[in-house]
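So, here's a batch of structures to check.
Presented sequentially are two complexes of chain A, the first with chain B as partner and the second with chain C.
And now, the complex of A and B:
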């Protein structure tokens, strides 16, 4: 065997990992399947919004808002599912050790996997664009809706993905990782189902603002349904932004302690 | 550091000093020390739960030791990322991404070691040829047999041109042809490339065949180490020699042999007059056994028609070591 010559310029570890993960996700069919299910879901919702006699009492603006909010919630959920599987899934499939044995830093490995998981949110956003265009024709909020869906969705997807990655780093069971991540997402979404009276008052509004999911969805509603200016309700984006940044930083810190067996060695 | 044979002025490829590891306060490894010189093949043997995989995971930076120090390829154990540049590891029960081809899998791992895309593809192609998988480079891993997966794993180990190679149960579950193929590959990468190899195995015949030294672990401790012959002799059960004398001299020969130091007993074969079996204790050196038996008989005027000394058996030594400790 002959020694391999050192490359003139080494590729960044995270980009190598991200490239491989993206190919496995999309060419392997997993992300395509999830995206197809998401598209079907959006199609049914938009069809009902546009045609159902029970739902078409909604104003056109409200239909666009509801579609954007659903796209954000489901798109972030998909990114979260992929992130939750990223490390613990590899542990279960016994493929993690070979990767950990390479000189690529743990942080680069996690970053590469986050980039790949984030791709499904980008796909979800691209997929919702024609639906928003279809529902928003004539009320002049199409571009506003597309842009705010991207901004709010990106913040929430980043935060939820980072949280799911933290769980995935910590536990050695894929089922546990997915369960914990979904439970937390459901808990964050639960307040959106509460009556509006529960959201009023100092305590109610504070909880609504502190919860990044409800705060983000609220911002979308104010912007699209009420026709507020971009900057008018920016304070509602503080919680999603802080959550995204804090969780990403925490993930970067915890990534360096990524081990073969999770939070405790066995 | 360690207790292996040390060549003056040469830094051992692997140095382990008083390494210990506990999980939930239960000790799994205790006070493990040894050295491996560059180019040696060290067999790590031991019963289930002896700590073989834990030891390999410590040396390959997957686990941190609870105590002690180690260095691999001259790099201190406290610099795990640097160590990973110089090692290749085939873990026990390694998983493979079934949706990738063998070529894609190796290219990816070569790129993780810093090779450009073209260099990685070239290295993957060459390495697959070495393990005789060149014609399956474009096949999905899902279509590989167990033996092919193991060879693919060895190819991944070699893709980074490691100085030290760790193989954890590389022949586990393979058919005889697959096992032969893997052993030949290991022998080749040791002999031709001069790589240091640490091989954990349950198959004692594999260790006897390719290891220059062995380390026997039992209950997390080093129970024995040395060459196969040394360990077999030191811990081995009795050694046997088959001897043929003229039938009329068999009785006198038997009486002489039982009086010799190191001979435990002599028995005659019922169906073959003059055929004797001599049992030595495990400590007897083979050269001394030959001189002792043949020389004494010839000196006494007894003709020796044939003499054959059994090889010391590692399996006997292994059982003696592990059963003694278990008692």
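And now, the complex of A and C:
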């Protein structure tokens, strides 16, 4: 990224950074390429789900749930990738020095980059809408599915993105930043592969509730597959909400310590 | 039919008759299952409730009684996974006193259109040889509606990635120009 010249009396520094980053991301084609790959993935999943002619009512609701859950996981992953690249990527490309010389605070710089990374989650949500509409219109859960995908996905994307930004601030290598972020996401997703017997019981449920990713995905399942009310399982959204707020606050705090090198070099 | 096989059949018939008289005549618990209705008309996706009353018409308590809900399709070719209809199909109601009864409400979601029969079976875990007791069947008539058009997915699955790829290519070309 090139140096940012913020006008003296102008929009806040973060919005100037966000505007520049958004242009780089979308007009540069990177976000569009990622969105295309994401939509291709959704197309394959939805085609496989919908081409089965024997889906009953419940299975159709389950297919909407699966699509929403995948959209949330992959959309949050895309936001995480962009956030993980935000600082360490500039370090590797040797453009961070010029960026740091810009007349904006470190916090505004990091916030602007977070906003840009978040935009890909918003795009991912918009892209999944027609797929949800196609699968869910016969079982009357289109609006619920669209809304809950947005709410849960926003919480998870915000938390994961903030975590990836923290890693990106801390490490020198872009490869390390991406690896750590992806490893953490995989670890958070791993419990979904446990057999249902391991998910029940005190320990299993606690793990599911504490893990923001599994808790968020569980909430989506209860709302869409089981037809629960919005408020019925709201306690499952506590850990995604706490994780998002805590990590965003921590990122804002740690942003002031952003330097040309990672923490290890100090 | 040979004489030997005829004699065998007669011996089997005698054994069944003896067993039937023995069960009917013996003192003990006698479970009966009743339903609050025999026909339910509903729409796909709707949850309906069916109430059963399990009575013990015998002179001894029916210990360790278990009730189980069964669902089957009345039309050939319609697949039924009872677990999809209700995840709570077995109730351990314990002891039913002589002359007493147990009320049970079963909530089932109509997940497939068509005609189905639902019935409840009562079993005593300590008296399996006495056999299960089935209640009357409730006919569930689920009005059908086509919920998914598998043919319609292909244009959608192709159009969205293709549209995004086109925009992406156009943006890259414009940037290079």
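Quick note on the criterion: the second predicted complex is superposed on the first by the 248 of 266 C-alpha atoms of A that agree within 3 Å, B and C clash if a C-alpha of one lies under 4 Å from a C-alpha of the other, contacts with A are read in each partner's own complex, and residues count from 1 in each chain.
What we mean here is this: contacts are C-beta pairs under 8 Å (C-beta built on N, C-alpha and C of every residue); 3 or more make two chains touch, one makes a residue touch a chain.
Predicted model only: the values in this text are computed from it and were never measured.
Peer 1: A:16 in the overlay: touching chain B, chain C, both, or neither? Say first, second, both or neither.
Peer 2: Touch partner of A:16: chain B, not chain C.
Peer 1: With both complexes superposed on chain A, which partner does A:44 reach: first (chain B), second (chain C), both or neither?
Peer 2: In the superposition, A:44 touches chain C alone.
Peer 1: Touch check for A:100: first (chain B), second (chain C), both, or neither?
Peer 2: Once the two structures are laid over each other on A, A:100 reaches chain B alone.
Peer 1: Does the superposition put A:260 against chain B (first), chain C (second), both, or neither?
Peer 2: In the superposed model, A:260 contacts chain B only, not chain C.
Peer 1: In the overlay, answer first, second, both or neither for which of chain B and chain C A:242 touches.
Peer 2: neither
Peer 1: Go through the superposed model and pick first if A:184 touches only chain B, second if only chain C, both, or neither.
Peer 2: Neither partner.
Peer 1: Scan A:28 for contacts with chain B and chain C and give back first, second, both or neither.
Peer 2: Both chain B and chain C are touched by A:28.
Peer 1: Please write out, lowest number first, the residues of chain A touched by both chain B and chain C across the two complexes.
Peer 2: Common interface on chain A, chain B vs chain C: 27-28.
Peer 1: Can you name the residues of chain C that touch chain A in the complex?
Peer 2: Touch residues, chain C against chain A: 44-45, 79, 81, 84, 109-112, 145-148, 150, 152-154, 156-158, 160-161, 164-165, 167-168, 171-172, 175.
Peer 1: Where on chain B is chain A touching in the complex?
Peer 2: 23-24, 57, 60-63, 81-82, 84-85, 87, 89, 91, 93-97, 99-100, 108-117, 119, 123, 126, 130, 156, 158, 160-161, 189, 192-193
Peer 1: Where on chain A is chain C touching in the complex?
Peer 2: 26-29, 32-33, 35-36, 39-40, 42-44, 46-47, 50-60, 127, 130-131, 134-135, 138-140
Peer 1: Spell out the residues on chain A that touch chain B in their complex, using ranges where they run on.
Peer 2: 1-11, 13, 16-17, 20, 24, 27-28, 93-95, 97-105, 259-260, 264-266
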